Amino acid sequence: MKKVKRVEIITGAPHAQRVISLLESYEVGGYTLIHNVQGKGERGMRDGDGLSDAFENVMILVVCSGDKLEAFANDVSKLLKRFGGMFLVSDAHWVG
Amino acid sequence: MNLDLILSNILSPPILFFFMGVFSKAVRSDLTIPQPIPKLLSLYLLFAIGFKGGVELSHSGISTEIFLTLLVAVVMAAVTPLYSFLYLRRRLNIYDAGAVAATYGSISAVTFITAVSFLETVGIEFGGHMVAAMALMESPAIIVGVLLIRMNLKKEDQVGEGLGGVVKEAMTNGSVVMILGSLLIGVVVSEEHVVALQPFTDDIFKGVLTLFLLDMGLLAGKRLQALKRAGWRVVLFGIWLPLLNAVIGILIGYFLGLPAGNTLLLTVLLASASYIAVPAAIRMAVPEANPGLFVPMALAVTFPFNIIIGIPLYYQIIELLESL
Amino acid sequence: MNLDLILSNILSPPILFFFMGVFSKAVRSDLTIPQPIPKLLSLYLLFAIGFKGGVELSHSGISTEIFLTLLVAVVMAAVTPLYSFLYLRRRLNIYDAGAVAATYGSISAVTFITAVSFLETVGIEFGGHMVAAMALMESPAIIVGVLLIRMNLKKEDQVGEGLGGVVKEAMTNGSVVMILGSLLIGVVVSEEHVVALQPFTDDIFKGVLTLFLLDMGLLAGKRLQALKRAGWRVVLFGIWLPLLNAVIGILIGYFLGLPAGNTLLLTVLLASASYIAVPAAIRMAVPEANPGLFVPMALAVTFPFNIIIGIPLYYQIIELLESL
Amino acid sequence: MKKVKRVEIITGAPHAQRVISLLESYEVGGYTLIHNVQGKGERGMRDGDGLSDAFENVMILVVCSGDKLEAFANDVSKLLKRFGGMFLVSDAHWVG
Amino acid sequence: MKKVKRVEIITGAPHAQRVISLLESYEVGGYTLIHNVQGKGERGMRDGDGLSDAFENVMILVVCSGDKLEAFANDVSKLLKRFGGMFLVSDAHWVG
Amino acid sequence: MNLDLILSNILSPPILFFFMGVFSKAVRSDLTIPQPIPKLLSLYLLFAIGFKGGVELSHSGISTEIFLTLLVAVVMAAVTPLYSFLYLRRRLNIYDAGAVAATYGSISAVTFITAVSFLETVGIEFGGHMVAAMALMESPAIIVGVLLIRMNLKKEDQVGEGLGGVVKEAMTNGSVVMILGSLLIGVVVSEEHVVALQPFTDDIFKGVLTLFLLDMGLLAGKRLQALKRAGWRVVLFGIWLPLLNAVIGILIGYFLGLPAGNTLLLTVLLASASYIAVPAAIRMAVPEANPGLFVPMALAVTFPFNIIIGIPLYYQIIELLESL
């Protein structure tokens, strides 16, 4: 059991690739994606309707060390401020 | 002008199912067509229309007229955002003005396909190159719209993403690739293959279009509410800009001496607004623009206006001009 | 009574694919038809059957016979839950009794469509208004079922949600809107549009139905296991209530002098049980009811019984009575 | 980084709208929805099969302050007791 | 409010049933499944493409007591070591 | 040998759409066909090909020739992994060698279907039992592959899962059940039902195949990148093993005196590699194997090779031999 940070990022589907590229540039050990996520936030409703994925969210889950988190937090934060989204961190234990 | 054509257009299954979709949302029915069913239907429609356009094109060959039509189409797709932006700039912020401008410069494939289906019903031919015109008109407006926004922003508001990325994005858009690819393939395959595909590309086409328009009605019905917040000036723009562009299209067709079918399709392309390619591209390039504005305008105002009243109306004017 | 018709019904592709689905689950194959494919198939079937019904109706017009048939259909949809509840009340708790009662008052569109396909195979006509009857029978039973539960609960157990919500829900149910909407559209469109849609609505219909019944078989096979817990009395109810209602339907048809096709469809509507609309509505209105009971009964007992044995059996009895 | 509550609600798809309406009546700042979620709990299996969404779950994620949570917890709890579902709260940090 | 463990397991779709069977053999009170989850980890990209579910992940959420977790942790861990996947534990409160 | 047939094959819509898919990925277009659309298309193709095969089989009956063909097919499916493994063992680890061996012993239904479509275009008949051969060849290679891995592992590396589970899994695989089930149903149904299903199973078949090959192209294009890491020796194996197996297939057909159509289909089965059933089964049974290797080989090397060059090439050789 290792102490890790559980990072949850929710952003619009068109921006997911940007966030992932950013995370990969910081060499995170892995990530998980859930597509077709809907929701409501400051930028209104994203109900998944429409014929492109423009109105859908993606949830990105990254489990990493606190150091790694500190490294990328600022950049991800900036990105989400422009493109919209949520950036949540909680504590967890990696069993392995 | 007689209303027969408009009425007979309204009484066609695709339009009626569009109404049914809007009505379902109005009575808050839980009728939905979940993803990716609409995606399948629209892939099919792009495939079929592209392929059939290619087959037609291979029959007709490329003439000066065709080349001129394509040129005019692309130019209009790039110019429409300019005068749209000039008007919108005074009523909306820069981001929204640019997004709406791009929306109206680009096109709606389903409006085009509905017009094709209309032409088939009234028995008028059209050239396969009009499908190429449609494909070529999808992207330029996106690039122009983004450029307009950038040029009008103060230096310090300039953000991210090189223009190259936007251009690349716009050109390799899935629906553009699907239409142009199917068109090219339609051009090169031999007649026997065309016939073998006919039950799929032709016979069930109208049925699929009908089902798809039901979904469009559901979407439009849902988006209608968002419009209330936008204000009537903006809603009116969604009617008069298409009308203005339709007049331009009809005049171009008249002076180039295009056949009625081609003129109608060119007119419909100019008059229609994008709710698939543009929203996707704009959300990438200009996330500051409010999608609660440009999508409902295209989907819940301009699209219904065009398929219900616009297409038969434009057609009557074209016929009138031709008979002069 | 000869078994030929039953055998020939069993050897039709839709029924055989239903068996194949059940068999796949029995051998624990991983064959699945993931969502929303079944949703697409069922939307298509409702669209096609509704539209074709509307076209038929526009040919036949509305007569007293049609009006009577619709009236009888709705009344039976409301009355069936009453006597079902009386019986079930002694064997199940109030929630489950009401849910099962609603299930059997309402109808199964796929059973109806399978009966239509059966009629087409044996070459017997039916009236388009039977589709309207189907649509009208979906909702009343839900309302009656919920009412029965409320009236039988003690005051202090009464919970939430006004009845108004339940009624609204039941009436704007997606499948009701889809059938009635398609029917209405089928009534108003002109012949040329009907012909243009035929390859989609008619030609590929049986194929889609066949694929859909494969999915129904997979679902039924999966639900079969849940039945073991329900007890044989309840399982038997899923056979004898349809038989009882079939007798009622046949007699009504006989005394109203309905043509054989219409009598069969009325009979099938009375004898069939809902596994789409009712579960969705009951889960909303009466979450206390156990869906592990009413869904498997409708889906894994009554549905297979009706499509395999019921339809040809009812038909033979109707023919026998007619030949008297 | 702000301390927040991460609220996870899982309930049947037919009841999702009810929960959301309730949450909106408490003016939560946003929420995220994941559809087509399956699961097993006290009320048996919800395997997502079937032709309506009657046998599917929805996961609702609400990030909010502890005060807001206290405000709606009781009502949501009551709703879920009748309609079934899970109501989970954990601590997290909102980066933004 | 009861203190519970929030267990998140992400593994390939073909192995989900195995994990669930294992969990059920330990009589967990319930679980939730999210299908069509994509991701990247030690075993490379699982992008959900392909015509079987071979390249897709499933997220399994189990909420249980610390005791229960201790009981199954070892077995689940072993399974995931062979078949690949992530096993994450965090603290949460069950409101009910 | 003339290149006409190869060229005319390349210019058929299914192949051209495959190229279009590859091209889309090459230019990084966002064109995608999201799940479960490909699943729907492939279910349809298995259904149609199985059903049509069954109908053919019911016409032809079972002869010694048919029995021999089926036997040879199954034996080859079990033997191919053996010699493949012998070669691969020296270049890959045991897990990967076994997985690739199983991949090449098993078959690709889409390659088979493309060959059927090719035969229809050139107007050559084939026996319905070839569909049965295809279904029977899916599973044996999986079992042999897993056995090979187990036998070559040291005792202490042996893990989990009884072989029984693997066998059961392989035999009840969804696509095997779908093909065999549809085939059996095709055998038993009467002619009138076959005709009623024809618009669905026959008329739109080529269109669906075309759309499906677009998706295959997108997949292959995406997987192409993964191949760079695999090294050229392994890539070459994806060409020469199919060629070797094709020679074996052609010779078997020649010595058994099979008609050209059946020989071609047998050849294609031997030469094709699985990217659906085997990956799914191997990931279950041998998670240690690297799917970044065996899937791209089958999908991005062998599949395109077979459908573009292989099919017409094999056919010309068969014709040449026949004319001797």
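Note that the chains take the letters A, B, C, D, E and F in the order they are written out, and that residue 1 is the start of every chain.
Following the convention adopted for this analysis, a residue touches a chain if its C-beta (ideal position, glycine included) is under 8 Å from a C-beta of that chain, and two chains touch if they have at least 3 such contacts.
Quick caveat: nothing in here was measured; it's all calculated off a predicted structure.
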Set of chains whose contacts include both subunit E and subunit C: D, F
Path length in the contact graph (subunit B to subunit D, fewest steps): 2
Most remote chain, CA-based centroid, reference being subunit F: D
Between the pairs C-F and A-D, the one where more C-beta pairs touch: C-F
Most widely separated chain from subunit B, with each centre as the mean of CA atoms: E
Interface numbering overlap (same over half, different under half) for subunit D and subunit E: different
Length of the line joining the C-alpha centres of subunit A and subunit F, rounded to whole Å: 39
Whole-Å separation of chain centres (CA-atom averages), subunit E against subunit F: 34
Between subunit C and subunit A, distance of the C-alpha-averaged centres to the nearest whole Å: 46
Junction residues of subunit F, two or more chains touched: 35-36, 39-40, 199, 203-204
Residues within subunit D bordering two or more other chains: 34, 36, 90-91
All touching chain pairs, where touch follows the definition stated at the start: A-B, A-D, A-E, B-C, B-F, C-D, C-F, D-E, E-F
Subunit D-touching residues of subunit C, taken from the complex the two chains share: 35, 38-39, 42, 159-160, 219, 222, 275-277, 279-280, 283-284, 287-288, 291-292, 295
Touching residues (chain side subunit C, partner subunit B) in the complex: 35-36, 39-40, 43-44, 47, 51, 168, 172-178, 181-182, 185, 188-190, 192-193, 196-197, 199-201, 203-204
For the subunit D and subunit A complex, residues of the former touching the latter: 1, 4, 6, 29-36, 61, 63, 90-96
Complex contacts: residues of subunit E adjacent to subunit A: 8, 10, 34, 36-42, 57, 59, 73, 76-77, 80-81, 86-91
Contact set on subunit A toward subunit B in their complex: 12, 14-15, 36, 44, 47-55, 82-84
